[in-house]
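So, here come the structures, one by one.
After this come two complexes, each holding chain A, first together with chain B and then together with chain C.
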Partner chain A sequence: MTVTGSRGSLPEPATYSGRFRVPQSVLGYALILLPLMVMGTLILYPAFLSIADTVTEPSSGGSLQVSLADYVEFFNTPLAVRNLAFSLRITAVTVAVLFLAGFPISLYLRFTHGRLGNLIQMLALFPLFVPGIIAAYALIRFIGDNGWLERFLHLLFGYEGFTSPYLRPAGIVVGLAWEGISITVLILTAGLSQIPDSLLETATDVGANRWQAFWRITMPLMKRSVLIVMTLNFLTVFGSFTIPYLLGPASPEMMGPYMRRTFYDANLPSRAQVQAVITFLISAVISLLYVRSVVSQKVEEES
Partner chain B sequence: MAGSATTVMRSMVGRSLRLVAGRPWFGICLLLLLALVVLGPMLNVFLWAFTRNWAYPSLLPTVWSIEFWDDTFARADILEGFIASVWISLIVTGLSAVICLPAAYAFARMQFPGRTFLLLSFLATNAFPRFGLYITIAVIFFRLRLIGTVPGVVLIQLVNTLLFMIWIPTAAFQGVDRALEEAALDVGASPLRVFLQVTLPLVAPALAAALLLTFIGTFYETQGALLVGVPEVRTLPVVMIRLINNQVIVQYGAILSVALWVPSLLLLIFAQRVLRGNTIASGFGV
Partner chain C sequence: MATLKLHSLVKRFGDVTAVNGVDLSVENGEFLCLLGPSGCGKTTALRMIAGFENPTAGDIFIDGMPVTAMPPNRRPTAMVFQQYTLWPHMSVFQNIAYGLRLRRLARAVVEEKVADGLDLVGLAGYEKRLPSQLSGGQQQRVALARALVLEPKILLLDEPFSSLDAALRVRLREELLRIQRQLGIATIFVTHDQEEALSLADRIALMQLGNIVQLDTPSELYAHPRNLFAAEFIGAMNLLPTHPSDPTLGLDPRTLSLPPGMQGNASLTVAIRPEDFQVTVPSEPGMWTGEVEQTMDMGHYRKVLVTLAGASAPVKVFMAKSMEVRERQTIGLTPLRYLVYAEESEPVEVVPDRPMPQA
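Right after this comes the complex of A and B.
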């Protein structure tokens, strides 16, 4: 097909062959330059600057030399180590809670159809429609002292031993799990929907029961989605600020609130940089584990 | 084959799983539990917005009232926060659109080396632990004296918008049937006219959804605004944090939550309708 009209300034799709060939790759690069620059200046540059800042220090001669003194100092500060360990523990618990809550819901949604399933799906996706700050406020009222949860337990079961998780470590887990359940269910359901019914039917045809079909077919095929959801939840929870800041205890605190306090209240930006880079490194290790397992799975499949 | 003990255990678990999953009461329990956990907090806040007194252990407010609504919107900090949030969100959304939409068109329609890699590289915004990244940005803003300024808040909130503003429109441009455009070109329409009258109307709903999601996401963005804006620039979520921390009157925060959440819910439902459910999941690499 030939285009007879004159070329406007508008970018032309690849399949059209115009009279004059504007090198499309040049135009393409020109159009994507701006967001790449934003990403470079607002994400990559700050991250690498902080890494560079924290592994160097000025020597007596005025030039910079490599030094890990900042990190030695971090790991020699009991409060810092305590907060880091606390963050990792809360993150692990939240990731586990999200998986244990999200997986049964997703399985249910994958294998049931009808009104009840639709309602459950709507409820599971509901937190996606609540902005974080409003969710935090609502949860404080709900789980706080004399909140609705305590009143429910009191009136329905006569339960009196309620201790509010608000301003306690459990409060952070509750808040982050509430916010994270939608994405968890969404990703796991998407993964489950990629497993064709025919495959499971074939398995039952050759005599496998539902449990065997689940264990031998569904689970291995879900490995990738489960890994994605775990990694993503780890990164989100570990890098969170608002929920731990509003629902968590003042001490120990997660890295998010701790970094802000170091930066803003204690006015020590360079120390906050060290803390930030440490969160980068830990997240990078998690991401790497994820990428490696995906790659090794691919290799396994091909051999 | 695993050991027989494992087999027995598996078949036992399997039997109970079958039993549970086969009955509707499992679904009903799940529904009730989710309703309590998910809807409970929001319903609770709704009730608080219409409460004067709420004595323990009553499940409903003991004295109902709407008297706090006027007080809430008469507060100077809430009014100023609202105005700041609207302006900043509009600026961020507009800026993000100008930066990202042409790029989305290029990603969808043009061939150039490294296209897929560069498109995927925007996932890097998700790969960093969010608040750690904000701290490293804030350190630079600190040196540039951007802390406590509107440009500082706009720039840090822009970080959040890149991924959706590129991925959703890219998918939309890719989804347009090229045969329609070619047909229009064949009958002599100029490329600009084809773009304006064929392509644009087809992608408009998805673009509107991307703009809406960006606006709402920015309006409620809390941590970046708090870290970079305070003390001079206070958006509405930052005002809310102060209301929570100071514990002044429960109703102020409750009324603010209700008043702000309902419009955002309607807009989000609209956006969700436009985008197919899987768009969001695919943004995370599923």
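Right after this comes the complex of A and C.
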């Protein structure tokens, strides 16, 4: 082969000039090897050990045998079952509150332009920049006994019947809602901005009023964003610790504080392990349901 | 009676005046194009007719009824947008049926109308498809069917084909015109493409900076553009300045037959269509001579750019391909027909062989 002109003098890319060619895929694996190793040794391996630990027990001969006794015990302990049910209930309520509060804000932000909108957006994003523990103490000052809210109500309306949600289940919901509102509004606003104006205008053009257009066009097109928000909020709320620990009642308690108490105060690490695995499994199931519904939506769109 | 009447319609967005006092009436069954460059207010005018924008001032009447304060869902208009027109989560059937269902028609009636609508736009059998499974052209047809099944008094289209490729655009244009004629529905079609407007419209409303500068049939608009903007915007046109008081600037006025009333003007603009030249080789006296700068084969005719004394830019000339010209060749040009524009007055048409009209 004769190569003429300036093209022949160009150096070939280094990777292909030597005797060894590094396939792209190997390079890719090499790049993710380190984080994978860190994850494996520090997270996955210990997690696997813990899970293995909870489903085995030493047999009379000294060897290990599979046993679900720890789980049977968990579900036979009234306090444990009560705390699990409490966690699920608080999570469900918080996820609902976040959606009901976040969606109108997002709708407002999507469909109005102006100063008030910018202000509301800033306020909605503000919690994102406040560490949870600081927010928790601020909330105690605000909603606690003799807090600002109680004094406001008294001064402005002469209202005396205020009962503080602090150290009550409602306290957890308020705190977690504060923490989750930013991400909720962010995701929902992003989802809404994906809907072009023309789709809604066409709906009114063929005779729908705003309400009908909202239910028939906006809501169905928001299905995926709503699903993402609900899943994400479920996972963060269900596994939360700081807010329920600082703002919630001593009993019943959410799984986060319950695990901590079992581990440190009661000094029962193996029981805490079982609680953690159960918490993890519930979160995993929710994630799985989410992934499945996203995949089935995709398949539906492509078929 | 006119189907649509706009009366001194104005729309301002803050400091921007998008539509600046538009008067217009559209007759029954008429196909009207709103034509103008981008940003001249076409979309805003159309959106006010549909009800998506509230006019700052002025009134809109449909069939003699004032509708200015009526929300879009109660107006007897139907609009087709440029893009993102179909609801992506609904099938073709559901898209077209939605407006009918809102009117609480019986299921059998809805099904029949949807089928008729799809028939009309040549998409029978596509009921079950999702919009993502349709091409761009098919999507716009479905949008058209969705508008038409509601039997609106006025069909509004905002550059509906502009995101499609050229060949498809031409096909859909023809199809739209056939459907419009078949249904006899008053139609307002917004476009920035003068060729599209010329080929579709019964009348064209040419807009500039929020105003209608000329409202005429396509042939009238082409033959007698009322001002220089219209002259330049519609079709190809040579605009050549000339100065009766100073022959050394621009085109030599002595070579032109200027209307008597205009000979005293300091400056005039002569507008000549590229097809209105007689080309002669070699040049003869009494004509302009110029040098061929470039020739382009346009298929059934030839486009030639000619450098002409006094013209700041090369003059465009369309000529038959039967005549051979080469680049760098000197040729003679004789305008057979031209318009002379003086500032702030109607243009005068000059046909050199005919007696001069009085300006």
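In this section, the second predicted complex is superposed on the first by the 274 of 303 C-alpha atoms of A that agree within 3 Å, B and C clash if a C-alpha of one lies under 4 Å from a C-alpha of the other, contacts with A are read in each partner's own complex, and residues count from 1 in each chain.
The working rule: a contact is a pair of C-beta atoms (placed from the backbone, for glycine too) under 8 Å apart; a residue touches a chain by one contact, two chains touch by 3 or more.
Everything quoted here is computed from the prediction, not taken from an experiment.
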Item to check | Fit-or-clash call for chain B and chain C when the two complexes are aligned on chain A | outcome: fit
Checklist entry - Touching A:32 in the superposition: chain B (first), chain C (second), both, neither? => result first
Checklist entry - Of the two partner chains, chain B (first) and chain C (second), which one does A:68 touch, if any: first, second, both, or neither? => result neither
Item to check | Comparing the two partners chain B and chain C, which touches a greater set of residues in chain A | outcome: B
Item to check | First, second, both or neither for A:85, with chain B first and chain C second | outcome: neither
Checklist entry - How wide is the angle at chain A between chain B and chain C, using CA centres, rounded to the nearest 10°? => result 90
Item to check | Partner chain in contact with A:232 - chain B first, chain C second, else both or neither | outcome: first
Checklist entry - Which partner does A:100 contact after superposing on A: first (chain B), second (chain C), both, neither? => result neither
Checklist entry - Touch check for A:149: first (chain B), second (chain C), both, or neither? => result first
Checklist entry - Touching A:209, do we find chain B (first), chain C (second), both, or neither? => result both
Next on the checklist: I'd like to know which partner A:201 touches here: chain B for first, chain C for second, both or neither.
Outcome noted: second
Next on the checklist: Using only CA atoms and the superposition described at the top, report the least gap between chain B and chain C in Å.
Outcome noted: 7
Checklist outcome for this item: So the chain A residues that chain B and chain C both touch are 209, 212
Next on the checklist: Considering only the defined contacts, which chain A positions touch chain B in the complex?
Outcome noted: 1, 3-16, 24-25, 27-29, 31-32, 34-36, 38-39, 42-47, 49-50, 53, 104-105, 107-108, 111-112, 116-117, 119-120, 123-124, 126-143, 146-152, 154-155, 178, 181, 183, 186-187, 189-191, 209-212, 214-215, 225, 228, 232, 235-236, 238-242, 245-246, 255-256, 259-260, 263-264, 269-270, 272-273, 275-277, 279-280, 282-283, 287
Next on the checklist: Which residues of chain B touch chain A once you look at their complex with the stated criterion?
Outcome noted: 10-11, 13-15, 17-18, 21, 24, 26-28, 30-31, 34-42, 44-45, 48, 56-59, 98-100, 102-103, 105-107, 109-113, 115, 118, 121-122, 124-140, 142, 155-156, 158-159, 162, 166, 178, 181-182, 185-186, 188-192, 195, 216, 219-220, 222-223, 226-227, 230, 237, 240-241, 244, 250, 253-254, 257, 260-261, 264-265, 268-269, 272, 277-278, 280-282, 284-286
Item to check | chain C-touching residues of chain A, taken from the complex the two chains share | outcome: 196, 198-199, 201-209, 212, 216-217, 220-221, 301
Next on the checklist: Considering only the defined contacts, which chain C positions touch chain A in the complex?
Outcome noted: 50-52, 71-74, 77-79, 81-85, 87-89, 98-99, 102-103, 130, 132, 143, 146-147, 150
